[in-house]
């Protein structure tokens, strides 16, 4: 399967979260960087929504995907994370409060998805993993994607 | 890239919606069927949420992914579609009402994602496409996944 | 079964909506009036949320359950209706927009549910019926209750 | 009042939650069982939503209303509980987080509400009680019903 | 700038929250009282939504804006607070749960905003301040207004 | 009353929407421009949410508050409008669908609210007016504020 990254920043982010480095060809990662994207990946699991948010924010800052001293970048990332969590939680952005937990792989990508240079940089947050009762096996998959201008 | 379908029904559905038949190797499709999954794919675009729901329901019925004369199957699919739409709309399941439109590829898969036979059949609805203003180019990507027991 | 109305205005409203005049003993209705409650009952069915709201408001006004020329009473009733609709719709207060329809019996009761005279009058709106696809039989039951001070 | 259980699973569940064993005629309970329904009842009160969810799940498992080792049954029940909580909370499925508490009677019923055998089993969760400030008397009634195929 | 309070209770409340006593002319406050309004002001900051709710309720009670022993008044105020919090939180009425905090000025006003005496008393809750990450400076402004009959 | 615009972009926007040109001193407007803000004001009333969104977007484009050919600016404004509508609608971003209508004054301001030059430009959308039944006088005030980086 010849899957290459392209201008679709959300698709790139979701492929990273869904397939991980093990399944994606090295050429995918190489092409991603060649096209000017910067990104990070990670895993997080918790019954506390704020820990999921914090794990993604920390990874994005430590990997210089967003500039940690600029609030406008934190603001852009925060809303992208919240939008991705809507896809995972599907109604109420609540985990332990409603007795459920998540185990998620995430990818945060930053780049220029539009052909016009003036459209500037955007950020995409992709989440893939499981959601369910705090009992092993009592869970199904969940996915979320959030995109924002940065 | 050697991506094969596996027991993760949501991942299979999302790969179908994200990559389509053009990008997925024929072996992916073949394997999917060998593993007992039935599925359908399609595209839908509208400012009216009900048309998106109807397009997915119609495709799933016409391709025998769900049994059209059983309400319990329609019920299972409907909730999976609504959950997937939460990921696409991220807050309010509204399109034209809040002046936005979608263009979506969808996949509906049915099969047995758990190793225990007793867990039975489940359905996954994956959506991938764009959401934005009713003006060409004024849009970004959106993704949603809904999973339900059937 | 000896079910009598009591100070629980929500329970009284729900029994009216759930059992209707056919099932409730005449003594229930008589007791309800003796205890100072005024109420109305009706049926409404639509794919348009606003028609459901309008049908309940109209019935409540025509039966003098609320004073039609007082906005504060309309305001109290409106919020009670909206709260009841949350129970029926369970997430998004949408019907036709997400391709579903309702057929509902409703009861609107007004009275003094608290022992202290100073707590004054309250209104309860109870809804009972079905929600589902716009296809006969493809539906299940739904219930909602909204209560407000008046 | 001659109220008998019938195919309306939600109505049966709500009558159980609303009237309890004290008010319902023994013949109601007997008829319910004769018609093939299995059910449980209980009470729960908390400012923590997850404790309400857990109390209902535990009762349903301990009374064999759902099979505790099958995730598909837990999944069906969980969504029915969440839908019932939408009716109780009317907007945000939050209790202590927004400074309110509930005291609820609940009933969980399982059976076949449709005449066609193929529609199979469904589960209904009915909640009836009070919601309000964590101060005795500062509360009003609340009701919720969730129904799902199982 | 000659800004005077008038029958618009929400505007009066928002001006109090937005400008505070320092910016509002003494004549504004005097006029407010002359027109029969009673009100209180305060500040609250927290990552816990329930502490924000409690701070506003306590201030309103201690300043006799609402009668603390009447549940109907507590009920009216509570819903006005929740509605104001919708404006501040814009989607999910959650603070620390989604890793954010608020610092708010609030005003609670009670009076008769309608020319008809029969429309009686109403309460308005206005909130103005900042919302953001729990890091100084990583925040922007937020506003909310809730109005209810009392 | 000596109210001057300052770095608080949301407060400036809300004062414009709340007080209008009639009440604000000319020096407020002059100062606003001196501080580098650009803005527009307008009025809109409808039962259709999309018309409210369109009216604000059109005003912002025609007054060059946002660059109409850049999607990133449209995207920033759209989310600010939606957030402001959450304050006005308080739960479900619906108007006619739930039988209510709005009459709103709006202000859209663009500028640099943070002392650090790197935080760049932000946009604030303030809404002030009435919401209620489609019957004159059956309405109360509503307020919303949305802020986004641009």
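Going by the order they are written in, the chains are A, B, C, D, E and F; count residues from 1 in each one.
We take it that contacts are C-beta pairs under 8 Å (C-beta built on N, C-alpha and C of every residue); 3 or more make two chains touch, one makes a residue touch a chain.
Bear in mind that the values here come from a model prediction, so they are computed numbers and not experimental data.
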item: For chain D placed onto chain E, the superposition rotation in degrees, Cα atoms, nearest 5; value: 120
item: Centroid-based (C-alpha) most distant chain relative to chain C; value: A
item: Between chain B and chain C, centroid-to-centroid distance (C-alpha), Å; value: 37
item: Euclidean distance of C-alpha centroids - chain C vs chain E, Å; value: 31
item: Multi-partner residues of chain C (each touching 2 or more other chains); value: 71, 75, 82, 91-92, 94, 97, 114, 122, 137, 140
item: List of chain F residues in touch with chain B within their complex; value: 48-50, 53-54, 57, 71, 74-75, 78, 82, 85, 92-94, 97
item: Contact footprint of chain E on chain F as seen in their complex; value: 1-3, 8-11, 14-15, 18-19, 23-25, 28, 83, 86-91, 113-114, 122, 124, 126, 128, 137, 140-147
item: Chain F-facing residues of chain B, complex; value: 91-92, 94, 96-100, 132-133, 137-140
item: Residues on chain F engaged by chain A in the complex (per definition of touch); value: 70-72, 75-76, 79, 114, 118-120, 122, 148-149
